[in-house]
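The two complexes that follow have chain A in common; it is paired with chain B in the first and with chain C in the second.
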Partner chain A sequence: MLGPATLFVLAFLLLPMLVVLRYSVNRYVPGGLMLQVFTLENYAHFFQDHYFHKVLLTTVWVSVVCTIVSLVLAFPLAYFLARTRSAAKSLLVMLVVFPLLVGNVVRAAGWMALLDTKGVVNSTLEALHIIKAPLNIMYTTGAVMIGIISIVTPFMVLTLQSVLEGINYSVEEAALNLGASPIRTFAKVTLPLAMPGVIAGTSLVFILCMNAYATPVLLGGPSFQMMAQTIYDQISNTQNWPFGAALAFVLMFVTVALTVIAQMFLQRRYKSAE
Partner chain B sequence: MAKVQLRNLTKRYGDFVAVDDFSLDVADGEFVALLGPSGCGKTTTLRMIAGFVEASTGEIRIGERDVTEYPPYRRNTGMVFQGYALFPHMTVFENVAFGLRMRRLGAAETHERVAQALKLVRLDGHVDRMPRQLSGGQQQRVALARALVVQPDVFLLDEPLSNLDAKLRQEVRLEIRQLQQALGLTTIFVTHDQEEALTMADRLVVMDRGAIQQVGSPAELYDRPVNRFVADFIGHSNFFNGRVCGPGEFKMDTGAIVRFDPEAATPQGDVSVAVRPERISFGHSPAAGTINCFEAEIEAVTFAGPRLDLILRCEGDRIIAHVHNSDGNVATERHHVGEQGFAMWSPSSTRLVSR
Partner chain C sequence: MPHISRADFVRGAAGATALGLTAMPRLALAADECRQVVVTTWGGDYDRFLKQFVEPPLVAKGVQVLPDITQEPQRMTKLLAERSLKKGSLDVVSFSDASMFQMYEDGVLGSLDFAKLPNAKYILKQFANAYSVPHIFSAQVIVYTPDHIKGAPDSYAAFWDSKYKGRVGIQRTEWVNWLQLAAQVGGGSPSNYEPGKKLLMDLKKNQPRIYPTQETLAAGIANGDVWLTPDWRARAYMWAKGGLKVESSVPKEGALPVVYRAGYAKNAPDGPCCIAYLDAMLDAKAQVEFATNMGYVPTVSNAKLPEDLERRIGFSEEQRAHFYPQDFRYIAKNNSQWLQWWNQEFLA
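Our next item is the complex of A and B:
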C-alpha cells in the first residue's frame, strides 16, 4: 500500500516536523540543553507577548497584500500566455521563469541597488530633477512587498496559465455571442472556470509569502520583522529551540488555517465551477 | 429575424487571402449553406458575420444595421459552435438563460422563455443537469436552445453535426430544418458535407480557396454546375476535355464528338464536358435513338447496395457509370470485368463546365 513516494514523504517531511513538534513542548534552559518535558509554556509565551502578535500580523498583512497584488499582476500575463499563438510563446514562458534562476538573496541585493537612497531609482529621479532629496524606499514595508511580489509572481503566472490553457476559448466566444460584454464574459465565464487555478495559485503564493525570509531581512532592515526571521533569531541567536519550534507551529497553523478558509470562501462563491 | 447582406468581404492573414471578395444576400427566413473543402474559408466567413474575425475589407449588414464595426456582443447573432461551447460550470437552465440574463430580462420571463426553448428542442426535464452529464446529441440541443432563446437576427451554425454519429446526424439534421422553417430563422450553416447541405438548405454557396464558386438551389448546383470544381464537389462527375466545335457539338481530345443541349448556357474560356455517373447507361448494343454512344470496356465492378458502380474505359478516359440495383438479381453477376459494350447518355445530360 505504502508506495515509495509515501515513504519518502513520511521520512523527509513528516519526521522533521514531528521532531520540531516535540521540541516545541520542551523547556528552554538559558545557556544549557533544553529539558525533555511536556509543557505548553512556549505557546503561552507567544499568546502573552504582544511583540510576537505584531510580527505575526505583519507577516499575514504582507502576505495577503503580496498574494492579491501578484494575482492581479499575473492574471493578464497568464491569460495572454495561455491564449497567444505566437511562436515566441515558449520564449515568453522562459522569461517568466527566468527570475527564479537567480536566488532570493541575489535578487534582494538587486532591489537594494535599485531602491537605496543612493540607488538607481533615486539617482535617476534626482538627475532628472524630479525629486530634491532621495526617497526612503529601502527598509520600508513597501520595499519588502516589492521584493516578495517579484519572487512569487512567476509561480502565480505558471499556475494560472496551466488552468487557463484548459479553458476552451470558444466558451468565451459563446458568452460574447450571447451579448455579454468582455467584462461580464470575464466575470461570468473566464474567472469561474479559472477558479481552480486562482485557488491553487493564491494558496501556493500565500504559503511562500508567509515563509519569506531573505527578502524581509535584506529589504526590511533591522526594525522590520516577519515570522520566519523571528523564528530563526530564536533558534540561532538565543538558542531557544523550544520557543522557535512553537513559533514555527503557530506560523504553520495560521498559514494552513487562512489558506483553507480562503479556499472555502472562494469555492463557495464559485461553487459550481470545478 | 432579418436579412443579411455581405458586400465584398475579404479576410487577409498577411499575404494569405482566407476569404476573397465574398458577396451574398441572405433573405429573411432563408437557410443558406456554405459548402466547400477544408480550409476554403467557411468558418472565417461565419466568424466575420459573428464578429469574432475582423474583416480586412467589405461590409456586413444585418437587417438595416451596418454591423461591420460592431463587437460580437452587439450584433445579436445566435451562433452554434462546432464543439457546442456550453458553459461547463452552469446547468442546462443557466446555459440557456445566459443570453437572457445578459439582456437583463426579468426572472419570470427568463424562466418562461428558457422553458419554451428547451421544449422546442425536446430537452425539458433536463434543466438541472450539468453539460457533462448529457450525451453529445443532448448537448447539441442545449447549444441550439441557447442560441435561439435570445431571438437572434441571424442563426449561425458551424458544422454543428460533425460530432454526432451518422444516425443521430440524420435526425438532428431534420430537426434543425424543421425548427428553422417553423420559426422562420435566417440561417447560415457551414458544412463540408455536401449531403447535409443538399438536404437542408434553400440555397448553397460553394466555396473554394476563399472565393465563391457558385450560388444556387441544391438542384441548380447539381444539374447546372458552372465549373469543374462545382461539378466534381457536388456529387461526382465524369469529365472529358476538348473544345466546342459547333452549335451543340463538342469535340473530345480523342476526336469523337459529344452532343450537348445547344440551348444550355455555355461558359467562356476553356471548357470540359461533365456527365453524371447515373446518367450513363451501359449496354451491349447502342440503344435506339441514343445520340452520345461510345465504345467502352468494364475495368472494375463495385457493389454499392442500391446501385452498382461500373468503372469503364471510354474514349481513353476512365469513367464511372451507376447501374440501379432495381430488380434485386445479384447484379454483380450481370456484369464482369473485361466486358465490351457501349456507354450512352443523352445530350441533356451533357453539361459544359469551365475548367
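Our next item is the complex of A and C:
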C-alpha cells in the first residue's frame, strides 16, 4: 500500500523527474522553446561534443579528489569526537556544524577575500617577504577544491562520527595488546569497523561535490566548468531546456553509477576484511 | 509536429501554483477601481525603490501592492505557464527590453491603451513601443580607471589596444554584449555579429581578465587588476558612488542601450490597477529618484536631473540618437550557439 511518504516522493521527486526526462527528448527551437518530438539528438550532442566530456570529467575528477581529501581530513576529527569524554564535546560538534550555518555563496565570498591577489593570504606572504609577486590562487581548480572541501567536510565528519560512536573500542585495545602497531590496528580493525560510515560519508559527499554550483562559479577560472554550471547556462541563459535536461540526466546517471560502483567496491573490501 | 511553447511544458509544474493563486478570493472591482496589484519584478534595490518612490501615491489611495520577486527566466516561465488561464496571478510584469520583446512575441502581454496613462505623453519617443512602458534606461559605455588611463577612450576598439594587455575586464556571463561590441568594431551589423568572433579571438591574445560576476569584476577594478571594461553607465555611477575610482566614456561606435520596461499580463486579474501602476512608474519625481539612487536615466521628457547627475549618468540627444540598434529576434535565435562558442572557443 502507498503510504503518505511514498506518495510525497512520487509527487515531488519522481514526477518532476519524469517531466524533465520528457523534455530531454524534445527538440530545441532557438528563440522559441522546444518541439514535442521524440529524439535522442540532445544525448547525441553530449556524446559527440568533447567539450561536454571534458566538463563531465572535470566534475568527476574534482568530486573524487574533494571526497578523498575530506575523508582524510574528517576521519581524525570524527574519531576524536567519537572517543572524547570531554564536557566540551557538544561544543566541538557545534563548531563542526557551524560553517554549515553560512550559505555557500557567502562562504565563497570569504574565500575570495582570502585568496584574491590582494587578499589575506597574498598580503601576508608578501609582508613576510616569502613571495615577491602575488600568487594566482583565485580562479584556479585549487581554489574550487578548497572551497568545496570546506563545505563538504562537516558532512563527512558527522556521518563518520555517528558510526565511530558505535564501535566497541576494546577490540582496538585487544589488537594493540596483542602487539599490533597503531597503524596496523587502524588498517585492520578500526577502518573495517568504520567502513559503513566511510561508505555513507563518501557517498553523501561525492553526490554533493558532483552537484556543486556556487563554489565553482565564484572560485573557478573562466574556462573552469562543472556540470551544474553548464546545465544552468543551458536552461536559464539560452532557454535550451531539452539539452539542459539531457545534461541533467547524464549527470544524475554518472553520479548514481559511480556511487553504486564505489559502494560495491568498498563493501567487498569491508566483507573480505571481516 | 506540434510546436510546444514554454507554457505547454511548464504548465504541469506551475499549474498547481497558478491554480492556488487564482483561486484566492479577489475583490470584484468596478472598471475604474484599483484595490490590489501583483507586481512581478527584480528584488534588491529595484524593488526597494519601487516601494519607496513609485508605490506611495497608490498605497495612499488604499491600493495593496503585492510584490512577486523573481529572476527574469523564472518570471518568463511563470507568465508563459499561465498563458492559457483566463485569469492569471500576475498584473504588472517587468523585464529588460530583450525579454519584454520575447514575451510580446509569445503573446502573453496585454496591449496598452496609452490614452489612459496621463504620463505616457512624456515618454521619450525612441523608447516607446506598443506593448510596454520604458521605466529606466542606460547604455554600455567604456568604464575605465583614470589612475591608469589618461584621457577617456572614445572607442570600443580600446579593448584591443595592446597597451592595455592583461587589464581588460570581462564578465563571463556577458557573451552577447561582447559579441555585439566586437561586431560594432569589426564590421558586423545589428543582424550579424559573426565578424565579432574573430575580433574576440584576437582580444584573447591580449589576456583579458575574466570574472564570474559583476561583484568580482568590481573587486578586480578595486585592486588595480582591471583598468577598463564595458558596462552600463548606471553601474559605473554606482561603483563610483561606492568608492571605486572609475570614470566612463561613450564609444563613438554608438553605445548599446538597455531599457528596463514594464507591461501587464494579458490575463492580469486587475487591469485598472495595471494602468495606475504603469503610470506611476512614469511619474517624473519617481524617475528622478531612481536616477539619483540607481544611476539609470529617466525615460520621460519631464523628468529633469540635476546638472551634475545628468553629466555622470546621462546621454546627450546626439548620443541617444546614435545608440546601436538591437535585433532581439536575431539575438534570441543565436544565443545558444553563441554561448557554446563563448565557452568552447573564447574561454577555453
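In this section, the second predicted complex is superposed on the first by the 271 of 274 C-alpha atoms of A that agree within 3 Å, B and C clash if a C-alpha of one lies under 4 Å from a C-alpha of the other, contacts with A are read in each partner's own complex, and residues count from 1 in each chain.
Keep this in mind: a residue touches a chain if its C-beta (ideal position, glycine included) is under 8 Å from a C-beta of that chain, and two chains touch if they have at least 3 such contacts.
Note that the structure is predicted; figures quoted are calculated from it, not measured.
Participant: After the match on chain A, would you call chain B and chain C a fit or a clash?
Facilitator: Taken together on chain A, chain C would fit alongside chain B, as the superposition shows.
Participant: Looking at the overlay, does A:112 come into contact with chain B only (first), chain C only (second), both, or neither?
Facilitator: After superposing on A, A:112 lies in contact with chain C but is clear of chain B.
Participant: What is the contact status of A:168 with respect to chain B (first) and chain C (second): first, second, both, or neither?
Facilitator: Touch partner of A:168: chain B, not chain C.
Participant: Is A:241 touching anything from chain B or chain C once the two structures are fitted on A? First, second, both or neither.
Facilitator: second
Participant: Pick one for A:204: touches chain B only (first), chain C only (second), both, or neither.
Facilitator: Neither partner.
Participant: In the superposed model, which partner reaches more residues of chain A, chain B or chain C?
Facilitator: Touched residues of chain A are more numerous for C.
Participant: With both complexes overlaid on chain A, does A:262 touch chain B (first), chain C (second), both or neither?
Facilitator: neither
Participant: Under the stated touch criterion, which partner chain does A:223 make contact with: chain B (first), chain C (second), both, or neither?
Facilitator: In the superposition, A:223 touches chain C alone.
Participant: Going by the contact rule set out at the top, does A:64 touch chain B (first), chain C (second), both, or neither?
Facilitator: neither
Participant: By the touch definition at the top of the document, which applies to A:193: first (chain B), second (chain C), both, or neither?
Facilitator: first
Participant: Looking at the superposed set of three chains, what is the minimum CA distance between chain B and chain C in Å?
Facilitator: The answer for the closest chain B-chain C C-alpha pair is 49 Å.
Participant: Name, in rising order, each residue of chain A that touches chain C in their complex.
Facilitator: 16, 19, 23, 26, 28-37, 51, 112, 116-118, 139, 217-218, 220-223, 225, 230, 233-241
Participant: Within their complex, state which residues of chain C touch chain A.
Facilitator: 1-6, 8-9, 12-13, 71, 73, 102, 105, 170, 172-173, 210, 212-213, 216, 219, 223-225, 329, 332-337, 339-340, 343-344, 347-348
Participant: In the complex of these two chains, what residues of chain A are touching chain B?
Facilitator: Going through chain A, the ones touching chain B are 168, 170-171, 173-182, 184-185, 188-189, 192-193, 270, 272-274.
Participant: Show which residues of chain B lie in contact with chain A when the two form their complex.
Facilitator: Going by the criterion above, the answer is residues 50-52, 71-74, 76-79, 81-83, 85-91, 98-99, 102-103, 130, 146-147, 150.
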